[in-house]
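Take a look at the structures listed below.
Both complexes shown next keep subunit A, but they swap its partner, so subunit B is in the first and subunit C is in the second.
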Partner chain A sequence: MTSRRQMLKSALLGGGAGVVAATALGSLGPEAAFASAKAQEVEPGAPDPNFAEGRIRSIKDNTLLVLGSNMVFHNIRVVDGTSLWKLGPIPFDQAKPGDGLYARGVRMPDGVLAAEAVWLNIVNIKGHIKNITSDKLHLDHNGQEVLCHVVPGKSVAIHSESPPSSDLSMLRVSQHVQILGAWRPDTNEVDIATVFSPH
Partner chain B sequence: MARSQPTDPPIDLLAAVQGEVSWFCCGTAWGPCSTTGKGACGTCNSGSLQHAWPNTSDACWAITHPDTCGFNLSRRTCGFQHKITGLCSGSSVVTAIADCGPQTDLFCGEKSCCGATCAGDRIIDLTPAAYSKIASLSTGLRPCEISTP
Partner chain C sequence: MQGIAALQPYVIALFLVWAALMKLFSRRMRAEAGRTALARLVGSARAIPTLRLVGVVELAVAAALLLPPVSPEEGAAAAVLCTGFLAYLTYSYATAPTSSCGCLGAHSHPVNWRAFARAGLLCVAGIAAIWARPYPLDPPLVALGLVEVVALLGLSAELDRYWLRPLRQLLVRIRRPLAVRSPEEIPLEVSLHLLYRSPAYCSASAQLTSDVQDVWDEDDLRFVVYGARERTAVFAIPLSGVDPSAVRVALT
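Right after this comes the complex of A and B.
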């Protein structure tokens, strides 16, 4: 059976527009996309060449030019089968210069990363709730305040094993939480996707 | 009262242990991660296959206190390798210790589930590069099994 990675690779090596038909790859469920029985090729502790992080400098056609935080440039190719996330699944045209990102895919011989998944502005931070208003949480994250916005229709809370709930009223000042969300570039503000609470 | 590390055999020397796995950023980074630094081992980078472990030193244990949640995890230091298997995807990654964490005691009793598969308490944090090999970063928290490779 042809793996998703093999299809990504062959599609890009095949030339043309380098676009993979999403129907050929099937749907990208969050777990299915990461299930792989392939042996690990990268030494534990070492940088993973099939992963990239940084901020988008420019976008040309279906390629993101990304400057890594370590000042290394990445060309990240987005294809029809690539999943993009920015507070939720988004189309490619919502990726903007200035966005931070993490991307996982397949590094091609020419250095391009053929992306399986791109997470834009995603942050996953822990801290104490300093204050709560109707539409904001003030989070103390390592001594820095991060203003976390509740986004109607998007933000949910997960209290331990309970299912996600859009009702965030059970959160309390001083409790410790983990907030998964989308950073607003060049600010100390985050739009909340999920608040993980142990209680 | 000061807590000390229990002397009973650590459970993760006897068998694989199940718990929760999340992800954290380290090294040079953007956004709220930009001030994180390179972790307790001085080598941590978001793009490397690494993880944080709650018992890398006495000072680390004093912060994380997994014993509060009933975990007597063994002392393992920078560079030690663990195999982490996502219980939702079934996929695994082998990573090396690069930081102290997570702060297990602050989330005691928490459970993470996918369907009927659950695991409780935070006992490991992966870098984004490592976590994204076993789950989408957008999941944020997952049940996992930790063993030695």
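Right after this comes the complex of A and C.
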């Protein structure tokens, strides 16, 4: 890992890397990306073959067996280049059966989805703050209480248009918020990634 | 015991008058009648007439309880009415768990343990009122009555905004439960927010195919790695600083 990091670092700082750079490997511009991108092949309304959602039933080697909410099974392969998110980037061994999942990647001819990005237990909920206790927001989401945990070093608040801050003490009881976070499977609890506050 | 029983008609009458006035005169309550569990029970077209009818019955029972002479039938009527409320709450909890009960005013809280505790307490009070006889009121009895009323008011979600919300706001202001404990640690989201606004990211974002693969901090920079098709995009984000144009990118 260290040598790979060193290699990436030297690529960035050593050579001609720039803010907006044409690298030795070709243009970074969006025109290049869109030129090579395949045309939209998915019919409007049809399921996207390169996307999967559901909950992990079992993990075998580098393949996740996922049961979708529409009762369709997906085989999702996680490779070296796959990004995994669970309140932040995580290694593969932190994916557990029972986790909810969204995955995007490339569908292989054998039906397996080779994942480029996997988001575990990611949730986006709106509600108003019923109460605030030590490192916890009690969120009222349509009458259901959702207990949102503040995770030191990870949770941030974005007030209106200001930059994110790890200081969440500006949040007030009874105000409306939107919370992006990681659900704790089979509970009504969420670890907070970002709290969006309108003021 | 005689004294406690004699007290109950007044406590029940107070809550019945409140409930009846809200049902008969609250415009907001009529507007929201279609969203209560009552609408599901009798149909939304009949929700408002039913609401009014219940209000009139409540007012009649309250008047009977308050006006002399005291008779066991009045207590029995109150007990029956309260049992009816309890049955209605159970019905709405079972069939429409997300609707409010529409008991004592318009609010959006679904039926919960507090609503059951209030209805149950009123039910017990109604049963006790059957044995009510004329009895002289003395200070301990009045104090007991006040405690009972305060307990019933405390269980009323309709009143939360007048006392529970300000109380919680005050406690949060005093205790500061979200005060930062490790300010030296910069969350990844802070760096990513800077990254998303940088020209470097805008130029490369169309190439990115994955989310963050790897992150590490070195020399006051935070390195963030993304997959970009068969290649890798690495960004260097200044840990301190707010200028998005300082972000660098390389594609390897």
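Operating definition for what follows: the second predicted complex is superposed on the first by the 161 of 199 C-alpha atoms of A that agree within 3 Å, B and C clash if a C-alpha of one lies under 4 Å from a C-alpha of the other, contacts with A are read in each partner's own complex, and residues count from 1 in each chain.
Assume a residue touches a chain if its C-beta (ideal position, glycine included) is under 8 Å from a C-beta of that chain, and two chains touch if they have at least 3 such contacts.
Remember, predicted model here, so these are calculated numbers, not experimental data.
Peer 1: So, A:174: does it touch subunit B (first), subunit C (second), both, or neither?
Peer 2: A:174: touches subunit C, not subunit B.
Peer 1: Does subunit B (first) or subunit C (second) touch A:155, or do both, or does neither?
Peer 2: The answer is second: A:155 touches subunit C but not subunit B.
Peer 1: Is A:193 touching the first partner subunit B, the second partner subunit C, both, or neither of them?
Peer 2: After superposing on A, A:193 lies in contact with both subunit B and subunit C.
Peer 1: Who does A:165 touch here: subunit B (first), subunit C (second), both, or neither?
Peer 2: After superposition on chain A, A:165 lies in contact with subunit C alone.
Peer 1: By the touch definition at the top of the document, which applies to A:125: first (subunit B), second (subunit C), both, or neither?
Peer 2: In the superposition, A:125 contacts subunit B only.
Peer 1: Classify the contacts of A:134 with the two partner chains as first (subunit B alone), second (subunit C alone), both, or neither.
Peer 2: Only subunit C; A:134 stays clear of subunit B.
Peer 1: Considering only touches as defined above, state whether A:107 meets subunit B (first), subunit C (second), both or neither.
Peer 2: neither
Peer 1: A:81 contacts which: subunit B (first), subunit C (second), both, neither?
Peer 2: Second partner only.
Peer 1: Identify the overlap between the subunit B-contacting and the subunit C-contacting residues of subunit A.
Peer 2: Looking at subunit A, the two contact sets intersect at 30, 32-34, 83, 85, 117, 119, 142, 158, 193-194.
Peer 1: For a test of understanding, state which residues of subunit A touch subunit B in their complex under the given definition.
Peer 2: Residue positions touching the partner: 30-37, 40, 42-48, 51-55, 68-70, 83, 85, 100, 102, 104, 117, 119, 121-126, 141-142, 144, 146, 158, 160-161, 176, 178, 180, 183, 185, 188, 190, 193-194, 196-199.
Peer 1: Quick check: in the complex, which residue numbers of subunit A touch subunit C?
Peer 2: 1, 5, 7-9, 11-13, 15, 17-21, 23, 25-26, 28-30, 32-34, 81-83, 85, 88-89, 116-117, 119, 130-136, 142-143, 150, 152-156, 158, 163-169, 171-174, 193-194
Peer 1: Enumerate the contact residues on subunit C facing subunit A in the complex.
Peer 2: The touching residues are 98, 108-110, 161, 165, 168-169, 172, 175-183, 185-190, 193-194, 198-200, 203-207, 209-216, 218, 223, 225-227, 231-232, 234-236, 242, 245, 247-252.
Peer 1: Quick check on the complex: what are the subunit B residues that touch subunit A?
Peer 2: For subunit B paired with subunit A, touching residues are 22-25, 27-36, 43, 45-50, 79, 81, 86, 88-96, 98, 102-103, 106-114, 118, 128-130, 132-141, 149.
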